[in-house]
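One chain, chain A, links the two complexes that follow: it is found with chain B in the first and with chain C in the second.
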Partner chain A sequence: MSTVTSLYDEQSAASVSRTRRARPGKRHSPEPRRSPYLFVAPAVVLFVAVFLVPLGYTVYLSTQKTQVMGLGLGANARKQVSAGFSNYTTVLHDGEFWQSVLRALLYGCILIPVMLGLAVLFALILDAQRVRFQRFGRIAIFLPYAVPTLIGSIIWGMMYLPAFSPINSTLNELFGISGINFFGQHIVFLSVANIGVWGGTGFNMMVLYTALRSLPQEAYEAARLDGANERQISLRIKLPMIRPAVIMTAIFSTIATLQVFNEPYAMHQISYGGVSSTWTPLMTIYRDTYTANDVYLGSAESIVIALLMFVLSVAVLRLTNRQIFGGEAKS
Partner chain B sequence: MTFLTTTAQGTAPRRGRRTSIVPTAVLLLGALYTLLPIIWLLIATTKTNTQLGSMAPFRPAGSFVSNFDLLTQYNGGVFWNWLANSAIYAGGGAILSAAVSATAGYGFAKYRFRGKGFLFTMILIGMLVPAVVLAIPQYLLVAKIGLANTYWAVLIPSIISPYGIYLARIYAGSSVPDEVLEAARMDGSPEWRTYLRVALPMMTPGLVTVFLFQFVAIWNNFLLPWLMLSSENKYPLTVGLFTLLDAGTSQPSLYSLAITGALLSILPLIVLFFLLQRFWRVDLTAGSVK
Partner chain C sequence: MKFPRPAKGAVCALAATALVAGCSSSGSTNTGSSSNSNSKVTLTFWSWVPNMDKVVAVWNQSHPDIQIKFTEAAGGDAELAKLLTAGKAGDMPDIAQIEYQSLPTMVTNNYLADISSYDSNLKSDFPSGLWNQVTLGQSQLYGVPQDAAPLAFFYRTDVFKKYNLAVPTTWAQYASEAVQLHKDDPSIYMGDTVTTDAGLFSGLSQQAGAQWWSTSGTSWSVGINSTASQKVASYWGNLVQEGALDSQTAWTASWDKSFSSGEYASWISAVWAPGDLASQAANTSGDWAMAELPQWAAGDDVDGAWGGSATSVTSDSKHAQQAAEFIAWLNQSSQGTDLLVKDGSIYPASLSAESSSSLPASSFMNQSDFYTLAKQFSASTAAATWGPDVNVAYSDFGDDFASTVKTEAGYLSALDKLQNSVIADMKSANFTISGS
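And now, the complex of A and B:
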């Protein structure tokens, strides 16, 4: 109780007279002063503990390093000392790390346009008239959202395995194409991106579909009377109107792309080396922190990735604003 | 069938003329793409390891029961531990998360107080902080306070959901009228009782949505429990099946177990998904909720 009171006093320190008056009549006061802090307190405390403290700790760790004393034997032979920016210099010159960044970017360049393109397409079809099986299609395409990405990766990984790939045997039966190596040097990007498309299209489709359903119907009634067909209404009227939702999905997908881990990590186990242990940045960070046991370097890599994500999100925000909806701003 | 799609404004559009063939076909192709791996998985669970390689991929065999038995006997039945753990992490975490989000969302929506804008913006920015930056220090901090490899290590970080708080604020703002709170205040009801008895029931439909999203997010999470836990009997399904797969690369007889486990691990979510269909509203740019 005393902590609450002190918080209360602190917050209204500026107006002592108002505080005095509010206290005895608290229950009947139309503007309670203490309660709002109690309501938001659990969330704020957890937020500080789970987000802010670890974030600060990462920044701190990224400026530290291990120093080995003497021969490195004994209990106090290793200690943590300040490293300045030396971890960051290491990261900037680490070819393997930047290769994993490039791989993630390439993966994103395949995944995001395909996934969001399909999501927009299916959302518009679900919202269009005279289309059959809409309910079935909506449920079926949303279904992979209920499959954990790791489990989805296991399912696809099994389907890619040369020993019992149903894809290869079907292609062989239908078209006579045989022996595609899904873990091959270049195809592996498509193989991993495919898992992301399969798992992510449904969720984004639902986001966009929800946005479409909340649009006022009158807007396209007029176009319909003027003789516009469904395709024109979808592309010229509906698509520009769900622009904020498309931008949101693009930004969230971009953030998710640079941190991709589950799919390639599962594929790393299945593919016999087709996906390396440092295939994506998060896998590199994981290896450096846990396998190579260098928490400090791992922290510096995390910060670099976080900054890259921030830059990319801003870039995506600008691109989506300009290119997809470029025509709209002028009118 | 055609009338099932409601239009909020009540202007019934003219429907039911010809079917548009191309969009319908595209939609069905999409459904085929998403369903085929699940169908393959269903059929694969009926095969032994040798049958997986030798039989036609979409022709079922009769080994489901023996696969199921092998899976449940694996390492003394640890699979059931994984299933129970997933239910504890996802169920417990999502209930706590919905409770914390609802309380905070209500506080943000219904009160004016100093620092409100700052606190809310800070939490929203939290949505954009990549999990990668948090995963490692979270583990180190949890290890420091001696909670590594405990249920709390997975539960506590799962409780806070910036997106849940954001949604709950919108739900509270749109579903709890100020007049009702005012009236309760006039009657001398303490703020917390007004919240529990009056506001919370009004927010419930929205909170089910918050619960569902958090449930799926925790059920699907791999990295957090993978980092936090080291004993096999505390693993959730995702981590457990991964270790099974890991062992499978050197011992391929475990593949059919991983396949059967994969099917069993997605069934609970698919059931949840169908039972609570009307609560799946994914509105990232929500201004109001109907």
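And now, the complex of A and C:
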């Protein structure tokens, strides 16, 4: 039986492809294959111009270094020479650089679960039936995302400063707790992650909420007929169905974690040591490239971070994929 | 002139974003292709001096053939980073304001034009110490000094009177008064620790006799952890350890508040301080006076500097001669310096401007002999040689002193760490370093 069906399928497929192939033959153009290339050309040109060329240039710069002659004060006292892989050796042996990577990862470990957890929670609440102030809630949660991170970070920084902190004075009035140092060795991670959560939750909530709105309503109806309440629908129906969106936000957040710059950079200016100038990998790159004027070392660091980011994204993708399949097998 | 106000968190962070957002913003350089000195040229100019646009407007009116297009830059450190980046792109402005300590960094990158053939005749009108800063002891000239920034002791006359404090003439006296004052009133400090700004600390080391950099032949020496610097670090480390001084970060809103609320009775700063105090603690107008920086040995008259800057022509300029003409007008002619003093509230480096009667009395300070004193401090400033990587040193200074424990031992170890990282940075660029 099955062989017959498959034979039949093959035959019909073959006939379809025959007819398809026959048609353009009637108006045979001399260069039939030009148009596909024309269609992809803009994308390829852009990809090469804004991605491959800069990447190649960065790789080139990362193999160069500055060499100074004598005091370095004459007109030709400084030149660019080939450095081989010495910049990479420097990066790989730079304890401070790897500490900045670890700090960024630790920051991500705090940020991602909290931010995505809240985003999922808010999205589900807003999507649930009979919620008041839905429109207002959506905008209110989304609004911090519209504030440039740098501005947000400066405002939060003000709130962390001991002499101004409304958080400290409130805690002091209510509970008699005083003098929390928001830039302390460990608390500083929470302080910085808090800004990330504040600014990022709204965006992720929007992505998830949009995914929720596009789900078919029939599934909910069916669930309701089976006696499921709103909470069960949220957890058992909606959440599994928006899993791809959750994964996407997780990957974006992971990439953003290693790239975190604005929040800690704004904190750096005021924290008196809580956030050093090399607190995150991008801050290290910024410091080496611009402050220390070593674009070659900065390039090597950028390449290393790009590779790390790639590995991390693939890891997150694989991990979450397995989870999906695991989840499907169970149900 | 160092205007550390822009170094404050907010502004500086904004400036940095502007920097990240694009070095292309400086793309207005020299669109005119002709370098013929008779045709009309437009020169671009970066500076952070307040109201510099007004000064430039006066020049533009009387010089139709050399038009200056002014762009307000962030403070010294931020502008240096931006210049270094623009320099790589061959996109620097024609003229730039550069702090003295940053000149060697610019020069070793070959980013400054030698204007000795245009402006060397101005030499006699500037203190030799400052002139040495713009020549780096060579025959070339890399800029014309604009302002001098000798350190001074600024104090609240009302607070000093209330607690019966005498103006300290020695550091020993300063220390004992700081301890006493905080004991008498725990809500008041003599001031903050001087270790949150590298420029101030290096100025104090300069007073103590340290040479953070020096050259001999073709090799550099780094003396950041020299005995003189260690003396300074121990002194302040001790005071902070005792709790006699406040240890918060300078140039934050919270630090401003300590001045306006009267929490700080004094400030070790430079002669540009009144301008800053007027904005961060406007309510204390008339309460401040200036005195000589306390001395290590009674009867001495040695000072250090905190910032101060020159105006330079960059190597990207195609019109060095016209640029040099503008710079000479700005920093040496009486019209230029008068405007700088009046609108930019700087303390001029030019000797003729220094003794000009047109210097306005500072309305903020209760100090009629302000300029007489400033001139005296300027003359007693110890000579300084800056290294080719002050940018690295100042950035690392912040990290090293901030992350260390606030004790004498902590400050000393931060100083050692700084010495090592500066030497490592210089070695990686193949500088020859002696004695290490």
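The working rule: the second predicted complex is superposed on the first by the 268 of 331 C-alpha atoms of A that agree within 3 Å, B and C clash if a C-alpha of one lies under 4 Å from a C-alpha of the other, contacts with A are read in each partner's own complex, and residues count from 1 in each chain.
We take it that a contact is a pair of C-beta atoms (placed from the backbone, for glycine too) under 8 Å apart; a residue touches a chain by one contact, two chains touch by 3 or more.
Since the structure is predicted, the reported quantities are computational estimates derived from the model, not experimental observations.
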Per-residue touch tally on chain A - higher for chain B or for chain C: B
Partner chain in contact with A:I233 - chain B first, chain C second, else both or neither: neither
Touched partner set for A:T58, first chain B, second chain C, both or neither: first
Contacts of A:L150 with chain B and chain C, given as first, second, both or neither: both
First, second, both or neither for A:I141, with chain B first and chain C second: first
First (chain B), second (chain C), both or neither touched by A:I270: both
Which of chain B and chain C A:I125 touches, first, second, both or neither: first
Which superposed partner A:V295 touches (first chain B, second chain C, both, neither): both
Partner chain in contact with A:M115 - chain B first, chain C second, else both or neither: neither
Touching partner for A:F164 - first (chain B), second (chain C), both, neither: both
On chain A, positions contacted by chain B and by chain C: 150, 154, 157-158, 163-164, 262, 266, 269-270, 272, 295
Contact set on chain A toward chain C in their complex: 65-73, 75-78, 90, 150, 153-154, 157-158, 161-164, 262, 265-266, 269-274, 276-278, 286-287, 290-295
Residues on chain B engaged by chain A in the complex (per definition of touch): 4-5, 7-9, 11, 13, 15-20, 23-24, 26-28, 30-31, 33-35, 37-38, 40-41, 44, 52-53, 56-58, 100-101, 103-104, 106-108, 111-116, 119, 122-123, 126, 128-134, 136-138, 140-141, 156-157, 159-160, 162, 165, 182, 185-186, 188, 190-192, 195, 216, 219-223, 237-238, 241-242, 245-246, 249, 255, 258-259, 262, 265-266, 269-270, 272-273, 277, 280-285
Chain C to chain A touching residues, read off their complex: 8-10, 12-14, 16-17, 19-20, 77, 81, 84-85, 88, 104-105, 107-110, 136, 138, 196, 215, 218-220, 247-249, 251-254, 257-258, 388-389, 391-392, 395-396, 398-399, 401-404, 425, 428-432
Interfacial residue positions of chain A with respect to chain B in the complex: 11, 27-28, 30-33, 35-40, 42-44, 46-47, 49-51, 53-55, 57-58, 61, 118, 121-122, 125-126, 128-137, 139-152, 154-159, 163-166, 169-170, 198, 201-203, 206-207, 209-211, 213-214, 216-218, 221, 224, 230, 244-245, 248-249, 252, 255, 258-259, 261-262, 266, 269-270, 272, 281-282, 285, 289, 295, 298-299, 302-303, 305-306, 309-310, 313
